[in-house]
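Order as written gives the chain letters A, B, C and D; numbering starts at 1 within each chain.
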């Protein structure tokens, strides 16, 4: 409408249309309901206004009416719930082929790291049409990653990862807000999402990369001495990590958990929390030794390790080359 | 209203009986804690505790003698909503690892 | 019941107001009516303080840049607005003022069951309120009224513990009020006042008391844990120390969602009284309206995590809580439909209390329906933590609770003070409040959907026009609230003396003199009639019959 | 239209008056008769206890979540608690519950000396409980098991049942955080209870309680039993976890 009087937000992601459809459905039901009730109220107020000599007609209520207006809304509610839940599933289920961005929030800025190694602050460049998965954590308090044009928002918590995904559908620059109150400069913790045509994006990627994130992770992996135990031949004191991401892991106490980003993070920060069956709890904690950015690199590296084929677990020697395509195949969330 | 309907002379002996039961239960719960019941240790401890609590509420606090349902409703309501708090919190904490 | 409007006698009668004079006769009173007036004065004071903070917030948002105040000042302003309004105004306002005054009168009792505990709860409230004011004057708090961890426990250096203690005290006061109501409603009813004859106002307060008693202790322990965490670094809510910040949110919302119903249920009770009286009819579907109050109270306890859909709870928990949330819409819908149906073939008058009731219905319908938007997972992800939520809960809290409170205050003002308020001014105020309210908060729905997050003190320029509309509305709304404060205060001294039953309303409270005597009833009443027996009462009216003048 | 009649019984206050209202100076002005006053007080205390259930319920919820999250570490930390002292305290509290029911019985039956003796016994047992608790707290201080005060737990070093898994100190500290909060709030309730019973003792000494009027003893007793109930749960939850070899 007017530049400074927007009535509807821009629609720039694949789920935005679904959310808008859902919203319009709710609007129609609500406006219909409001109009109906307002009409009845005004009609009654006018029709049955007090007039001399006319007394109110008593009535005691009606079970049929009561039951019908108790039960009828339930059907509408079930429809509303289901429609909302379907859209929510869509919002919360990242596609398997998504490219990944590690997000670290802190008071009061956003730090973003691409898989390819580009680092950005308060700005995220993404190509149009590409599925992007954000793996987010916070260094201090709770923040919330909110892009109105994408109709998406997810809280960013300290001490764990939360996941969000989108596919931008329209080139442009969109607001990125922190939506969870986080202190003094909460309203300054804003940035932008720059959605570019693939060709432009390619040009952008070519500058400013320090090498893929997984390579940095690999360097850390050997610097921190992880490789001495997590050997590739499964003969080490720790489990081999190739292909572990996205797979179910059987624990010492018999539980089975899926090795997602949060599992990897926890296993580095608090190794004793979940011991893999058949291994000794000998790993030291890396709490305080690994920053959130380094953690992102380590997780990216572990995810990049190709799964060993079941037949040649023991003799497959060269797994170091990042084979993201294969690793992505195992993503569960 | 409480326990005015009970015979007064016999209730003292009855109280002692309840007290002895409570003492025995305390003994049992300590003893059971040292048995290896696998994952059932906690369940056994909580069942015994609930049994003891029920005895105290019914007989020492005279809930059983309370002539009206109202107080029982309030007791049950408070326990119910405490369980709601725990159960629905667990609906989140218990399913975070599911994928 | 069918006695005509009593003629105000020439000699002054003894009542609860003129029985004793002096400060101590008020500060040490155990009369529920005087305690209600103490609450009336104190909640009005806190409403004023909260209102000033609201005005500051709206003024700052007039321009996109943060120019009127510092970011920290703004953060403290909205925090103080929220804390004062929630803990010291909305939660006590209807129960502690109208409930306190009316419940014994409505059920035919001399007083609440525990008059001294009633006074104690006012002192706890005042003690908590003084702490809050002290906290405000010496620096305030900047966490938002939700004081989410770990920001509140490990990062902010404002006075969390003091503010928490203030909320704790107010909560304790609220528990004791609820306890008093429960026992009073069970034990103090006059002969013949069966449950099915109770005014719906009393039913609503019973439901409210359930929440006050079973919900408030959870926030009390949560506040204690936050305080202990700040002092001793327990780690229960701090992820750096192995805790889970979401546990805080669960415990917090376990109380704070039902607390919304503590705020709205008593108001629904008021509305039931107003609509019945001014339609001159028994409320339609009495049993359903009564039981839906209890239904709201119970279901209100199982929906809390809908505040946390994007907070990192599991997908499954989100689905469960979304589904449960829709359940609470059913009893609210039942109430709305029954109120509407009550007006059918009624004999409707548009006196100021009824105008407020109309206002309540109009705003509550919008507030309730937008609640459905927020319960829908797909929409909630987009609009939670934006101005959409702000608009939604103001439609319920301010559009609902405050409208009903004002309607109730006008309706029972003759009973409380023995004076009539100026009707013309009151109708004007009702109109101004309704218009001002919508202008303030309706633009915020749009603002929220286009994406303006809440608790922002500066914002991108494209949001400015909507914010200007909202601030303009807030100014009108502020004026609308000042008006009743002025003319009601004026009427206490200069208003026409009120007859005992100016509205020719049903209900025990109208059978006693205005204002009532200290022990309410000259003799213990015996109730032989059903609630809202308007068909047995003549509907002459004070403003047309002017019984005072004759 | 107002007639003075006897109160017809309401369905939730089935009471018949035994004594005329003006007989009893303890009857407050706004109650019609004693049974109404007694029933109001007793319901009030029960509703208050419902409130207390939720208060401790929040704590139990927090405890349960962390117990499940840090299962082994909690088990290990629990080993440092002295089960003998814990069990003794359980016995002491259950014993005090017995003296309380005796006191209530004595008050209802007009046995003044029995009432006094049992109130005194209750107070002694209550103080004994707090004394033993103090001994436990002291040893926790000495062993540096108090969170945020140079916390370290030397023994046990490993998780019960898993001799190869070392204890996470931070998670053990969380156990003690919850231990101190839970037992501390329970002890606070005990102290309030002791204050209450001192007052009951004074009033009983003055001969205030008669078979007709003994509500304070009855509702004070309800409160005391509730505090006992909380301990009945705290004992197994804090002391008796993962004890088996």
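The criterion applied here is as follows: contacts are C-beta pairs under 8 Å (C-beta built on N, C-alpha and C of every residue); 3 or more make two chains touch, one makes a residue touch a chain.
As the structure is a prediction and not an experimental result, all values here were calculated from the model.
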*Neighbouring chains shared between subunit C and subunit D, ordered by label*: A, B
*Please give the pair of chains with the highest number of C-beta contact pairs.*
A-C
*Just give me the whole-number Å value for how far the CA centre of subunit B lies from that of subunit C.*
37
_What's the distance between the Cα centroids of subunit B and subunit D, rounded to whole Å?_
14
_As a quick test, compute the distance in whole Å between the mean CA positions of subunit A and subunit B._
43
*asked:* At least two partner chains per residue is the criterion; list those residues in subunit C.
replied: 186, 214, 218, 244, 246-247, 250, 254, 315
_Where subunit B touches two or more other chains at once, by residue number_ = 70, 77-78, 81, 85, 89, 93
_Parts of subunit A lying in touch with subunit D, wherever the complex brings them together_ = 252, 270, 272-273, 275, 280-282, 285
_Help me check something: in the complex, which residues belonging to subunit D touch subunit A?_
70, 72, 162, 164-166, 168
*Partner subunit D, residues of subunit B touching it in the complex*: 1-4, 8, 11-12, 15-16, 19, 22-23, 26, 29-30, 33-37, 41-42, 45-46, 48-49, 52-53, 56-57, 60-61, 67-68, 70-71, 74-75, 77-79, 81-82, 85-86, 89-90, 93-94
*Within the complex, which stretch of subunit C touches subunit A?*
66, 71-72, 75, 142-144, 146, 148, 150-151, 154-156, 239-240, 245-246, 279-282, 284-288, 309-312, 315, 318-319, 322-323, 326-327, 329-330, 333-334, 336-338, 340-341, 343-350, 358, 361-362, 365-366, 369-370, 372-373, 375-382, 384-386, 446, 449-451, 453-466, 534-535, 539
*Any idea which subunit A residues touch subunit C in the complex?*
2-9, 18-19, 22-23, 26, 29-30, 33-34, 37-38, 40-41, 44-45, 48-51, 54-62, 65-66, 69-70, 73-74, 77-78, 80-81, 83-92, 107, 140-142, 144, 146, 148-149, 151-155, 157-160, 162, 175, 177-188, 190
